[in-house]
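Here you go, one structure.
Letters are used for the chains, namely A, B, C, D and E, taken in the order the chains are written, and counting of residues starts over at 1 for each.
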Amino acid sequence: GTSQSTGETAGEQGAKDPNKKDFTYAMSGVYKPFNFKENGELMGFDVEIGQALAEKMGMNPVPITNPFETIIQGLQAKKYDTVIGSLTITPEREKAVAFSNVYYRSGAQIFVAAGNDSIKSADDLKGKRIGVQKSSSYEQQALKLTDKSNITTYDSDVTALMDLPTGRLDAVITDQMVGFRYMKEVPDKIKDVGEPLSHDNQGIALRKDDKELLEKVNKALDEIIKDGTYQKISEKWFGRNILGSE
Amino acid sequence: MFDILLSSYPMFLEATFLTLRLTAISLIMGCGVGLLIAFFRISHSKALQTIAHVYITVIRGTPLIVQIMVLYFGITEIVTLSSFWAGAFALAIHNGAYIAEIFRGSIQSIDRGQMEAAKSLGMSYPLAMRRIILPQAFKRAIPPLGNQFIIGLKDSSLVAYVGMQELWGTGLGEAASNYRQLDTYLVVGLYYLVLVLIFTYVVNRLENRLNTGAAKKKSKGYDSASQSV
Amino acid sequence: MFDILLSSYPMFLEATFLTLRLTAISLIMGCGVGLLIAFFRISHSKALQTIAHVYITVIRGTPLIVQIMVLYFGITEIVTLSSFWAGAFALAIHNGAYIAEIFRGSIQSIDRGQMEAAKSLGMSYPLAMRRIILPQAFKRAIPPLGNQFIIGLKDSSLVAYVGMQELWGTGLGEAASNYRQLDTYLVVGLYYLVLVLIFTYVVNRLENRLNTGAAKKKSKGYDSASQSV
Amino acid sequence: MIEVKNLYKSFGSLTVLKGVDLQVGEREVVVLLGASGSGKSTLLRCLNFLEMHDQGEIHVNGQRIDPKTTDLNKFRTEVGMVFQHFNLFPHKTVLENVIEAPVYVKKTPPDRAREEAYALLEKVGMRDKADVYPDMLSGGQKQRVAIARALAMKPKIMLFDEPTSALDPELVGEVLQVMKQLAKEGMTMVVVTHEMGFAREVADRAVFMDNGQILEQGEPEHFFTNPQQERTRQFLNSIL
Amino acid sequence: MIEVKNLYKSFGSLTVLKGVDLQVGEREVVVLLGASGSGKSTLLRCLNFLEMHDQGEIHVNGQRIDPKTTDLNKFRTEVGMVFQHFNLFPHKTVLENVIEAPVYVKKTPPDRAREEAYALLEKVGMRDKADVYPDMLSGGQKQRVAIARALAMKPKIMLFDEPTSALDPELVGEVLQVMKQLAKEGMTMVVVTHEMGFAREVADRAVFMDNGQILEQGEPEHFFTNPQQERTRQFLNSIL
């Protein structure tokens, strides 16, 4: 690893062991409940998965936030060594980075304002204004449903969801877990519509030439799934296991 | 870099027009806001002066990106706007504070004898303002206004963060899909640079044209580049 | 809004210190860059003049956010930097161009008789610069420099987009988890406003202190607020 | 025609006019003298309400002018003023300067205003410069245009505040010439000036102000040769 | 001491010096006269290489000064210059102005420099203002400090460029007094001035420049009363 984390980019996660190498992993930090900040502390599913992996590999976990739209660029620029940031594995991205084994599976879901009764399924989205996280896989999905000029991109899926009740958007496509969490915390603002558009595999991204670390990560991932650590983390954040299967 | 410049120019040209439209509209509105606030500041009403003062202090005391986000979400609580108009209003309100100070400065730089002469001829305050003071003040405002317009053009890039696909928004999206951010950003920078240079040229021409009408005021007369200090 | 102000102040205070550290470091470096470029511009070497001219034109002709992104990713190709230092360098290079123009202006505003007197006493150009011209120029640069520092403070918010968790970065993250962006952004804006007001006060004090040493130059003497135009 | 009674005016803590009484009759030419700071300009500016007096009364044609009840803009059309620094409108040609107020204040049809303006410019000897901008004129020419501009409103009274003191000496004459002509035609005039020749030849009365009050006044001939007050004598010695 | 041979100097297309020849002997006081724009300042500034001449030669103490091979900074310590607008350093006190160059150029120990500075200030009558900033001084006082500052480098030649022409008339005397004293002590001086009294009393020679050339020179007594050239006569008439 070459990142010289200064601690500016991530909340200090406990005391560091100076004898261990750093395991730096990036996320947007604006993707509740997968990764987000509360009172300055970075937390969420992705953060804890990273911690568990680091422990298995005998390394120091160093979570880092980076805007989602440049998260792959940051990886390539060696600002950090991995992305554990709910990156959907897509053929496009596989050209740029290497992915670990799937670390969770989830669905892309359409959300609309609570009072909106005109949109009932993906077929109703033609010509409608859709909001998505900039450069996410959902942006690609939205492009298939409406034309480019009707798509608004945001820094955070959460910001997009919050722009639904304003009437600026007709729909938002994002991870179902992200939307459900919002619905739970802020009732009666938005609702989900129809079946998930897709079931996506999420992976941990690494630089392509970083084969050694990829192997270690895959091995550690296997281990935490087998020894129940994964199960515990998933239960904590979602009340169920989101690893799923193909 | 050159391949991006060549291959994706239709997209960037379209984004350039959006940037220009956004800039133009927000600056026109900004001039309206600026003029109003400038009048508030030089009015005799303490209340209006205070409004203007607070407005200018708050706008000049906070980052534009914060203003854009606040206005984008704040305006919506009152009236629903498309992201184009929300962005345009945010930029107008921002630029308005700076333009207000430019107008105030240029109005106050007009010799007070002008207002007195107008009044002594029986002109009312609004008439004297309109016919005598403002035409002179506007001319004086052109250089700083041109400068503010350039700043406004560059600052319009920040509405990319409320979802506008103008130049910078397009650049961000493009870089995220071609994974060649450095080259892409350089191309976007080049587009802005060309716009700014063109605009600078136009403003300079305008200034010169306006100056030839009246007698030219010569500056101190050294060539600054060859000065020996 | 007030609950956010009250509940999360430790986090925002920490972020404020990061913003201040970032601003301070980038402005100190920016002053170094600015001084160097200012010397280039007034040098007799055509090459150095051209370098300075291109530098200033490019920086002033492109949006800061583009510069930050280019430098953040561009610098990395040469040397790997933490996001703090990448952001600080980007801001330093940006502010340097503006500070260069401030320094150049203030150096050139010093009467050329000063340099001639120094030379006639046998002082070399560098010695005369250091002992005679620069001390006077620095004093004159303080008001515009103070203004640029305020701009630099506000502009530092943009490094949030290269992942810095300073004031604005913290605000963005917080808003995405408490689902109350308007209030959160307003709180962040308030922090910036307070910083700017404090800084403005300090600069004004400094200016006054420096002015009492020498004879005070009086301005035209009307109270601008009570002017009747 | 003008009657000023017990006029007071302060700027902040500085009292500039301290109970001024002055009458100016119809067709009378009054010259106002006094040291710098004695309040001459302030008095003149109070006469057309560019400054508002604090106490006292100003009557014009027997009618009291009260800023609260009078339309001052209308009143000012009847009082022309000529300033030391001309105050021509630099963004308008000589002709436009002259027709501006008739057209936009009095709503005179532009054609008629232009005709009258040409006649006035003829009178002050500036007919051939009608389409030139003020920047291209000498000080004396500017001041003559300023006089024409004031006359274009057909005022009943003309106020002059040191109309020649910003001029190069060789240009003073041409302006005084125009003013003499005006006096001869019977205009009521109040003139602040230190041009003794003009005062002697043209004025009906000289008024000496000192420290915000009128100290002495009289016929010019008498006033200049035999002032009553020591202060007046000092002042006249200093400027002659 | 100084020998100028066939000096040429142009600014762009304007040729200001057109072949000037001039000798100044040791302990000689030369007064340079001429209309505005005739090139007096330029000649003076060429003498200490604040301007570089285009053609010709300048010899000092028999040695040719070539900008390319001479250390000009060192050379300038031997030639003091006093300017029309004083050019004191406003951010330094009177004393600091005087010791600046000795300490930073000649590396004189500060204590000794200060001692010498006090003596010089005593000589120009400014000892009691040593700790005051230039802003607080009158023009005459400033110029006397400027002379002390130049003398502090112990120059062999002093150049004065209209040292009294920016002064109020009543302050001219005190500066001329200091210059006379200097001449009496045997300083070699080249002085551009229109003060005829000074020229008559102090100068060994008067040199008249016209249009970039030296037209005439001679002993002051003879020069002023009986100039040879028509042009010189005209000029003398205009300033006397």
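The rule we apply is simple: a contact is a pair of C-beta atoms (placed from the backbone, for glycine too) under 8 Å apart; a residue touches a chain by one contact, two chains touch by 3 or more.
Chain labels with UniProt names: B, C = Amino acid ABC transporter permease; D, E = Amino acid ABC transporter ATP-binding protein.
All values derive from a computational prediction rather than experimental measurement.
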Contacting subunit A as well as subunit C are chains B
Smallest number of touch links from subunit A to reach subunit D?
2
Could you find the chain whose CA centre sits the greatest distance from that of subunit B?
E
Per mean C-alpha coordinates, the chain lying farthest from subunit D is A
By number of C-beta pairs in contact, which two chains lead?
B-C
Roughly how many whole angstrom separate the Cα centroids of subunit C and subunit E?
44
So the centre of each chain is just the mean of its C-alpha atoms; given that, what is the distance between subunit B and subunit C in Å?
20
Mean-CA-position distance for subunit B and subunit A (Å):
39
Multi-chain contacts in subunit B: which residues touch at least two other chains?
73, 114, 161, 181
Using the touch rule from the top of the page, what residues of subunit A touch 2 or more other chains?
70, 73, 155, 162
Which residues of subunit D are in contact with two or more other chains?
none
Between which chains does touch occur?
A-B, A-C, B-C, B-D, C-E
State the interface residues of subunit C toward subunit E in the complex, per the touch definition above.
111, 113-114, 116-124, 127, 131-132, 135-136, 139, 213-215
Subunit B - residues contacting subunit C, complex
41-42, 49, 57-58, 60-67, 69-70, 73-74, 77, 107-108, 110, 112, 114-115, 129, 133, 150, 154-155, 157-158, 160-161, 168, 171, 181-182, 185-186, 188-189, 192-193, 196-197, 222, 224-225, 227-229
For the subunit C and subunit A complex, residues of the former touching the latter:
7-8, 10-11, 14-15, 18, 69, 73, 76-77, 80-84, 161-165, 169-170, 172-179, 181
Residues of subunit E defined as touching subunit C within the complex
48, 50, 73-74, 76-77, 79-81, 83, 85, 87-91, 100-101, 104-106, 133, 135-136, 146, 149-150, 153
Subunit B contact footprint on subunit A (complex, rising order):
69-70, 72-73, 76, 92, 95-96, 131, 134-135, 148-149, 152-155, 162-163, 166-168
